[in-house]
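Every chain is named by a letter (A, B and C) in the order it is written, and numbering of its residues begins at 1.
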Amino acid sequence: MRERERIPSGCAVAGVLSWTGQPVGGETIIRAMRVMHERSNGLGGGFAGYGIYPDFAELYAFHLLYDSLESADDVEAILQKNFVIEHQEAIPFWEHSPITDYPVFIRYFLRPRGSEDEEELVVQTVMTVNARVEGAYVISSGKNMGVFKGVGYPEDIGEFFRLDEYQGYCWIAHGRFPTNSVGWWGGAHPFNLLNFSVVHNGELSSYGINRRYLENFGYFCTLQTDTEVIAYLLDLLLRRHKVPPAMLGAIFASPFWSEIDAMEEPQRSFYKAIRLTYGGALLNGPFSIIVGFEGGMLGLVDRIKLRPMVGGWDKDTFYLASEESAIREIAPHLNEIRALKAGEVMIGTVKEGVYHGQEFAVSRI
Amino acid sequence: MKKIRIHEEYCIGCHLCEITCVVKHSPSGKLIKTFRDTNRPAPRVRVEEEGYVSFALQCRHCDDAPCVENCLTGAMYRDEETGVVLCDEDRCVGCWMCIMSCPFGVAERNAEHTHIGSKCDGCVKKGEVPPCVENCPNEALTYE
Amino acid sequence: MAKSLLFPEFKIERDAKRCIACQVCVRQCANAVHSYEEDDDTLWSEEERCVGCQRCVTLCPTGALEVRRREVGFRENANWEPAFLHRLYKQAETGGIVLASMGCDRPYTIYWDHLLLNASQVTNPSIDPLREPIEIRTFLGRKEASLDVDWENLSLKTKLAPQLELSLPVLFSAMSYGSISYNAFRSIVEAAQEIGTLCNSGEGGLHPDFYSFGEHIIVQVASGRFGVTPEYLGVAKAIEIKIGQGAKPGIGGHLPGEKVSPEISRTRRIPVGSDAISPAPHHDIYSIEDLERLVFAIKEATGYRKPVSVKIAAVHNVAAIASGCVRAGADIVAIDGIRGGTGAAPQVIRDNVGIPIELALAQVDERLRREGIRHRASIVVAGGIRSSSDVIKAIALGADAVYVGTAALLALGCHLCQKCYTGRCNWGIATQDPLLTKRLNPRIGKRRLVNLMRAWALEMKEILGGMGINAIESLRGNREQLRAVGLREEEARLLGVKMAGEGW
């Protein structure tokens, strides 16, 4: 029986997005994370890659973490209720890795049955598996993307999962410094639902209410890390409520009332309504997050800038990281590089087939 | 020039203003000691009451004080700098013209009935607040 | 005539070395306890009439008086405490219902005192309220689940329901003009305006002098419908349907005839000197659908421009009742717990009916969230909120804001003697006697209320900053910031709070 402890998050995040949609190998992001080794303590690391399953691009790729394979039958029964399991296999890993104590990872490629709202179905299925099946967790559930994470330094985790064998148009990564000694593979970052993944450096003082707010809408938190609420909030806001990703800062890191009072209409009524309606989604406490979503990546820091985040770009690629050194490691000649401001969203999206027209939206006025 | 303003709607009829005035003009300036002294000064402010209406009344230090105008000997005079109307007791002969002229009835005879007794003398220096105002428990007297 | 067995409750000690026979005590006691004998310059006290209001003690210029609880001198009996004996003797003599005022004073568990707050350290920095904004601005009213927005122009398409904007999550509770004096009501309404919050008219109607403060007044429609006119509804910022109050769940308001002066008679539209006893239920609300009808009748009458609040007492089934109120269209649900105060209530009801607000709040908030309707109404809680830490704990349990009644009266000078029902309040608060109402100067009253709220606002910001939270919406319902001490597991579970010592 897992202890009901929730582990605060630290301490290193990074992300790489290729504008052109050109594949980037996993070793690039591993190199960025290796530079920030000291920000972690070896108790958690993880990656999310986008565009890594071109052969199964139309199918939902469920990455399952099993404490033991005994629960596999229960999980597969749940999956098969609403999906056809087109293909499944163990996620390959490096046997000679320094990491020795690891659970079982299986990936399933699923086609939905019937014509109902597929995405709702995926969310329900994920919630059901996580809540009902003991010792089994869906750690990613998107199309043509996947999450690889566990207990270890991020570079070791990256090598454990042989990420150098994958190519994707976007990678986000995380290294942890948890302040208690519970090392559980499921608690590492990134957290994911559908195509939304998030890595988080910070601690949510608002977790208690973010979690209860989400329960209102049918999301249940089981993964004992406050970052989980961010993943579900992303699904709620971006998918169900159709908030544009560039405007997430208005909700997660809302402007202060003193700033709103000084605004002109219609912005003033707009921001006031946002705060009144989405108070339960406001993230309080220090955070810097990198969010990966279909076709893009964004970085955001809290409203009083209690955590670091640096962003940089050139004609091909958009970078985000906790430290400039991580970006310089993989892009030494970058000209445009700067720290994010409090409450600022820095976002890049892929233009299909075209690499010019980089999209940046800074949502904090 | 500041004057004491009366807010009779808030006077609670406690008479603490009278008590404070006595102490202020006593030799010791101490409350209990003063009140053990049977020869203690009379209060220079008086609470007027009828039914539930009450208010503390002291000399208004009128700009055109009738008592000054009518004083036979010039004992009643107005200090132009402070605006306070005072009585030079050495000159007072006890004719009581001031008592008869005062529209507010704030002047009184002293105990021996020889000359004017208690009348508000604007007891504080510039920048201070009179004790009757300071100690009114319900701010029924203000100094403005 | 048989001798009364009622014993004096208070003992008056006059220090002869300090008494100067100034007679302030004689003049200030509305119960004529003190008297002065001219011939021998002595002061005397009739202790039987003393109610322990401490007025004479406070005003005595030499501090010569001490008023203490009188020791009864009966043999010790843990079952028959003096309070029970006193009331029983009174009933044997009068055959009547024993009245009481203010809130339940029994030693039931005060859950606020068993809840502790968090602070952030190391992993999460605390925020400095001196140097960073800490936002406690609160909006009460129905909220949307999502918004329809023109994202290009950042322009809002959804029309928001009417909201009450408060500068801090505290309002002044319903205390009718009648139960309290004109000066007390004026102090409260002017303070509400200066602070940026609202007060509540209670069921006494609204005196025309206060119409200009309408933006800061919630008017009540209670079972007696006293003073309810189109103008009354028109000037107010919000309307509250009072179903019940924490001090006396299940019965209506009570203003004894002693307090119905000509002014009160005019404001409430009842005869001078008659008891104003509100009926127990609203006689047009016998079930939840009737409430919905009244809620919407009021909304129609006010053009849907004002939030409608429903005030209920905290009873056993409060969660289901609150849910019903929300579904009946209430924009705000106000819940009053057993510690809630009153001007007059049967003592037996005040002390035995209802449940503590902490438990009621925790259950209501959880129930509304589970039903997915928590956003449809704001929750305001009342009943013995004593300090800024109680306010913070209430918000953490799930409230949007709190009402304070007793705390406000204490700021005005109340000493909790619990004799409001006599109409002889020595502090000028719970009386209509013009001799006594003079004693509350609204200038002073307003100043003290503003000071109190300012102090609480500063304290709340200190607490929030220490928790690492800079916006109150992140504390609302955030029970992770609370831990229980000295409670049974059952109680902690009902509150939805972990025990102190448990981590995240």
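Methods note: contacts are C-beta pairs under 8 Å (C-beta built on N, C-alpha and C of every residue); 3 or more make two chains touch, one makes a residue touch a chain.
Computed from a prediction, not measured in an experiment: that's the story for all the values here.
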item: Selected pair, greater C-beta contact count between A-C and B-C; value: A-C
item: Chain whose average C-alpha position is farthest from chain A's own; value: B
item: Centre-most chain, if every chain is reduced to its averaged C-alpha atoms; value: C
item: Rounded Å distance, chain A centre to chain B centre (Cα mean); value: 81
item: Distance from the mean Cα position of chain C to that of chain B, given in whole angstrom; value: 44
item: Gap in Å, rounded to a whole number, between the CA centres of chain C and chain A; value: 47
item: Residue ranges of chain C touching chain B (in the complex, touch as defined); value: 17-18, 20-24, 27-28, 59, 61-62, 433-435, 438-439, 441, 443-444
item: Residue ranges of chain C in contact with chain A within the complex; value: 120, 122-125, 127, 132-133, 135, 137, 139, 143-147, 149, 151, 153-156, 158, 160, 163, 369-370, 372, 374-375, 396, 467-471, 473-481, 502-504
item: Residues of chain A touching chain C in the complex; value: 4-8, 10, 179-180, 202-203, 205-209, 212-213, 215-217, 226, 240-241, 243-244, 247, 254, 256-258, 266-267, 269-271, 273-277, 279-280, 282-286, 303-304, 306
item: Interfacial residue positions of chain B with respect to chain C in the complex; value: 7, 9-16, 19-20, 31-32, 35-36, 51-52, 137-140
